[in-house]
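So, here come the structures, one by one.
Next come two complexes built around chain A: one with chain B, the other with chain C.
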Partner chain A sequence: MQERLANSFDPFVLPYTIGLVFILTYLFIALIRVVKALPNDDKLKLLKHIFSLKIFKSGWEIFMECLLHRKIWKKNWTLGYMHTAFAFGWFLLIILGHLEVQIYAPHRLNLPWYPIFFRYFMMETQSTMQGAFFFFMMDLTLLYVLSGLGLAIFKRFRRKAFGMKRTTKLRWNDQIAVLALWSIFPLRFLAESFYSEISGGSFLTAGVGSIFHWFYDFTANEIYVRPIWWAYSIALGVFFIMLPWSRFTHILSEPLFIIMRNAGIREEHRNSGYGKVEIYSCSRCGICLDPCQLVSVASLRDSAAINYTRHLRLWKSEKAHQAASTCLMCNRCTQACPVGVDTAALKLNTKHELVNLHTTDQYNYLNTNAGADLQSVPSSVDVIYFAGCMTHLTPATKLAMTKILEASGEQFRFIDEEGSICCGRPVLLAGARKSANELMEKNTELFNQTHAKTLVTSCPICYKFFKENYDLNMRVLHHSQYIQELLKEGEIKVNPTAAKIVFHDPCELGRNSGVYDEPREVLKSVGQLQSTAYDGEESLCCGHSLAAEALPYRKRRVMSEDAVEKLTTNNPDILATACPACKKAFSETNKVEVKDLAEIVAENLV
Partner chain B sequence: MINFGYKRNESATLDLDVDNSELYKKMLEEEPSSATCISCGTCASTCSAGQFTDFNLRKIMLLCKRGDTQSLEPIINRCMVCGKCQFACPKGLNTRHIVLILNKHLNAGKIS
Partner chain C sequence: MKSIAIIGAGIAGLSAASDLSKKGHKVYLIEKNVEIGGHVAQWDRLFPSQKEAKIVVDELVKNLNNRAEVLANSEVQHCEKKDNKFELILTGNKNLLVDTILVTTGFDTFRAQRKEEYGYGIYENVITSADLEQLFKKHNVVCKTGNPPKRVAFVHCVGSRDEKVGNRHCSKVCCVTAVKQACEIKELYPDCEVYNLYMDLRMFDRHFEDMYHEAQSKYHVNFIRGRLSEAGENKDHQVVLKTEDTLAGKPLKLTVDLLVLMIGMEACHSQKSLNAKLGVRSDTDGFLSTKDIFTQNNFSNTDGVFFAGTCTGPKTIPETFADARAAASLVNAYLMS
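After this line comes the complex of A and B, so read on.
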């Protein structure tokens, strides 16, 4: 094996080299800007993470997600294969290409184009065992990538075969980048095939090359096929230059995003450093479109997570805010996202940047007469029950809870029987963080005064907020968890019935707080719990979430009706839920009897 | 004074010559559902903030239609945006959005 050309340079390497220099410079500047935008304690977290053993965990995650696309495999095998073929296949080509240079021409490693156009500069490398091995591996990998490309083209015509009903449209910038990406590998394949008579090749390139040779002897007139190398180099250069301006930015930002996320960095006020990386990590793959009920049921495509991140990338903050304020924050998109982009958190930040209704005297009235009732709670009470604003609109739930609490013999106090102030999560979801803080302070003061050990609430919105954002001296339980505890300890007993029950997981309780099992255990003890295709993490949103302040009522209604229809395909007797908002949304449709699980338990108490 | 269980509002004068419907027009534009309000008062009767203050969404809608921004300004941000009124509203108005829009236009200068 030997070098074919003495000077190791040909003008066709220029487009590739220019593209590479551009993208590396861009990456360097972007990295500095992102890290600079992080708050100081986040910078420290990042440093600590990089210099700890946990970095290996991040490395493993980068390998599994960025190269192998494990989460896409879980969704659909064909889709997973396609993404892996491009990412992992290309990665292998780069690694093997560099190994070849390392072994055969180590002094050329300083030339960035050398491993890429190796077969143009070298010849007869397949004559050794090593050479044959590498040529075989390179051909096999190229075939692997080409098979992925074939699937990608097929997907443009029949995406249903890949488990996707909807996908994104390509804008002009994405079109250029996709065309460049798609042409890289066939051009490489053609160039190497034409040159296989000179440089050698394996089963794929040499095989096809000999067919070409049968038509015409390119070895003698190499000049005729040189343009293929130019085209290959230009395709690479164009792809690199389009990287920052297209959906493929995620190739650069996703590894950084994974490291930052594992370092524990979260942004809770505005989308600066981490938020930007998260936005650029969205690959616009469109996997979040099908789960999003705003898209699939309410035909509000502009509110979809991918369109929101697109608005942010294009600095259209007004449009981004509009998308954020119609989003239900049910988190079905985040759950489906193969990258793990938490758009609900990003959307909340967008709202916080634009909405503020706090004035110094906003909630002055809270200090004068709110919670007078709470101050009289006797110190002997262990359990305080907070129904929550919404539960007062579905009084059957609070009556059922009172009945259950009385039956359990527990010393309890219904602290918002005469009404209360809001927990603050709805106003936070609307974007007004400072106002929410004021409500939180007041509630914390009132709850802590009671010296109770347990706070039970019937509203998952309150539950999530009390549990995660409040600093309370007591444990916080949703009523489904508390009832399950009472049943387990034998404090209350129920008569099992033959009623067929379907349970709908409220978003705030299930996906957003991780409470899935307790309500199911409670329902299993009183009736025949049926499973649906929308259990647990796959749960639907009822459409009446408080996050979407600008979503019109008719859109909400369409979504509740659709959800009820999907949940009642097996004709259950009762559609059970554990959230007053879901209960209200579903009962409006008049399709099936809707009950809170507390009601079902209270009706069947022994 | 004897407590009759209700209180008398100060008498007010409506000047119909003055057209100050700018705020109402903005509200209609940003939240079209506000046009369907029938002033039934369900929102006011369920309101959490209404337990402690004079906050009354029906009154706010009327003041907004009349263009009485002066009376609106001091009370509009007393709302806790909890959403009870939205669930109770028989016409399905996006009441939370209405309150947020009015806040945006009226209280922009006062925000801390």
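After this line comes the complex of A and C, so read on.
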């Protein structure tokens, strides 16, 4: 291997080099701005993370997700292959390119364009001609990337083959960036093929190069094919310059996002820096479109997570507010997102911004005489039952729970029988963080005064909030968990029935709290539990979530009907759920008998 | 002799059947239930005159004078238009070939279980306005325990004007029915306290306002503006209501012995399966869509298919009769042309 030219520079390297300098400068400034925008304790977290062993875990995750796209493989192999071919393939080209320079021309390592246009500046000597190890590896990797490109083009026409019904439309900025990206590799391939007779190549470039040679001998007129190097360099330069203004910003932000997330930083205030990185980490891959029922059932495409992040990126706050306040926060998008963008948290901030303009001190009365009837007295019972306001709207559930608790022989108190205040989560979901805190404080005081050991609630919304956001001196259980415990310990017994039951996982209990098994165990003891395609993490949203204040009831209804349709394909006798909101939503459709699992248990108590 | 099939033997169907048969046409009156007379036959007394519903239905039957062929307990399974005639297949494989069809399928009452928060079917002392009429008919207006109620509350707009159950429309008759029933309760039990929980009172027709006035001045019925938020049950099986008096701006808790839900009108559910067969369609509120809301209110979009009564939206009894007579004269004109 030797240098082909005395000169280590050619004007065609300029577009690439300018692009590279631009993007590195951008990255440096953006990094400083993001870190500066972090609250001080988050900065400390980041620093601690970087200088701890945990950084290796982040490194591994970056490798697995940013380069190998592990989560996309899980969704669909073809889609996974396509993304990996681009990311990992390109990464290999860069690494191998630098290795080549390191080995054969170490004095040129200071020239950033040298590894990229290696086969222009360097040539093989006779001794290594035809099949040098690196040339072979480079050709193989290039072929790998090109295969990914082929799939990407194919995907534009037949996205169903990639397991996607819907994908994103490309705007002008993305079109330029995609076009540049798609040109980079074919142009490199052409340039290296034309030059294979001059600088050497391997099976791919030399093979195709010899075909070109058959038509015309370029070795004598190198000047004719020089423009291909220009085109290759320009494609790279354009791509780099478009990086911050297109969907490909995620290439830069995702590694940082992973590090920050692993450092324990969360988006708690708008524009905290972390949120910015999160928004820019959305690659607009479109994987979240199909799971979103607002898109697939209610035709509200603008509310999809992917479009919400776009509104934020483009500072379209009106549209972002609209998307946030029609979102049901079922988190099916977050579940599907290969990057792990948690739009629910971002949406809360968007709402918070809007709501706090209008609300002040709503719950002042809690500490005045009007709140006096909420006094809770200390008592000797171990179990307190909090039905929750939504459960008071589905009284069959609370009566069933009273019956079960009485049958168990456990001493309990129904603490919100006469009334209560909201747990605060619906208020928080509406964006009123301050009001939610007031309610939380009052409830915490009331609950802790009872000195009970266990708090049982029938509402998954309350459950999630009590469990995660409250500081209670007792364990918190959803009634499905408590009933399962009573059954396991033999405190209550049920008669098994032949009823065919399908269980719908409420979003707040399942996906958002991770309780999947207990309800199923309870139902198995009392009926024939059937599985559906929407069990567990795949669970649908019932449409009645309290989060979507601006979602019209007609849209909700369409979603409920669609969900019931999908859940009852095997004609179950009962559609069981464990959430008052889901129960109301499904009962409305009038298609199947809908019951809370507590009702089924109460009906069949021995 | 021209023939006509009338689907639904409620008051609209009966009225039109007698008008058309008097004109000398062959009338088939198809009724899915065993009894004819529709919802009115289930009622005790009617606003605004307190006339007995039974008398109204009896008058209609008497007018009909056995001139029409009543096909009770049968439903339309299939319908096809063949050369300006309609071929109908009824349950029991009975075939009819008629020149025209008049749809008088009426309405369904709202299924009160759908508002689970009001406790119908869960708490024993929660009944619907239709249930109360049955109790009036049996002269047995008592709580589940058999004791006369000391305090009764009526909830207006149950299943009407309620976005959450998918019904935006007003059912028109429930406000005044609640006033009528409240006065009837007071007539039976002068010491009973009676409350009406309303959104707003729509006393739009003749004598309604007088009834409302009398309810307050003569019977001392209490009217509270506020929707019921939820109902609970105490140890004595009384119903505990949580609402807000929106005129006073205060939350309110009310314990009653009997809660009456003023269920509204919904488009007839069994009608929906007929739509495609008849070539007619439902509007966004579920009721049938007429050719023109002003000038062609009894016409469907299919030539030869006419509408009368509450199948095209909630109506009072006088309105239903007017509509049925109009439809009958239009059908007659169609048959004679």
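Convention: the second predicted complex is superposed on the first by the 583 of 606 C-alpha atoms of A that agree within 3 Å, B and C clash if a C-alpha of one lies under 4 Å from a C-alpha of the other, contacts with A are read in each partner's own complex, and residues count from 1 in each chain.
Definition applied: a residue touches a chain if its C-beta (ideal position, glycine included) is under 8 Å from a C-beta of that chain, and two chains touch if they have at least 3 such contacts.
Computed from a predicted model, the values in this text were never measured in an experiment.
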Chain A as common anchor, with chain B and chain C clashing or fitting: clash
Touching partner for A:Lys584 - first (chain B), second (chain C), both, neither: both
Chain B versus chain C as contact partner of A:Val145, first or second or both or neither: neither
First, second, both or neither for A:Pro395, with chain B first and chain C second: second
Dominant contact partner of chain A by residue count, chain C or chain B: B
Contacts of A:Arg554 with chain B and chain C, given as first, second, both or neither: both
Partner chain in contact with A:Val101 - chain B first, chain C second, else both or neither: neither
First, second, both or neither for A:Leu546, with chain B first and chain C second: first
Set of chain A residues, in rising order, touched by both chain B and chain C: 392-393, 419, 553-554, 557, 584
Residues of chain A touching chain C in the complex: 392-396, 399, 417, 419, 553-554, 557, 583-584, 587-588, 590
Residue ranges of chain C touching chain A (in the complex, touch as defined): 111, 113-114, 116-117, 119, 122-123, 163-166, 230-233, 242
Sites on chain A touched by chain B in the complex: 325, 355-360, 362-363, 365-366, 368-370, 389-390, 392-393, 419-422, 424, 426-427, 430, 432, 434-435, 439, 544, 546, 549-554, 556-557, 581, 584
Chain A-facing residues of chain B, complex: 31-33, 46, 48-49, 51-53, 77-78, 80-84, 87-88, 92-94, 96-97, 100, 103-104, 107, 110-112
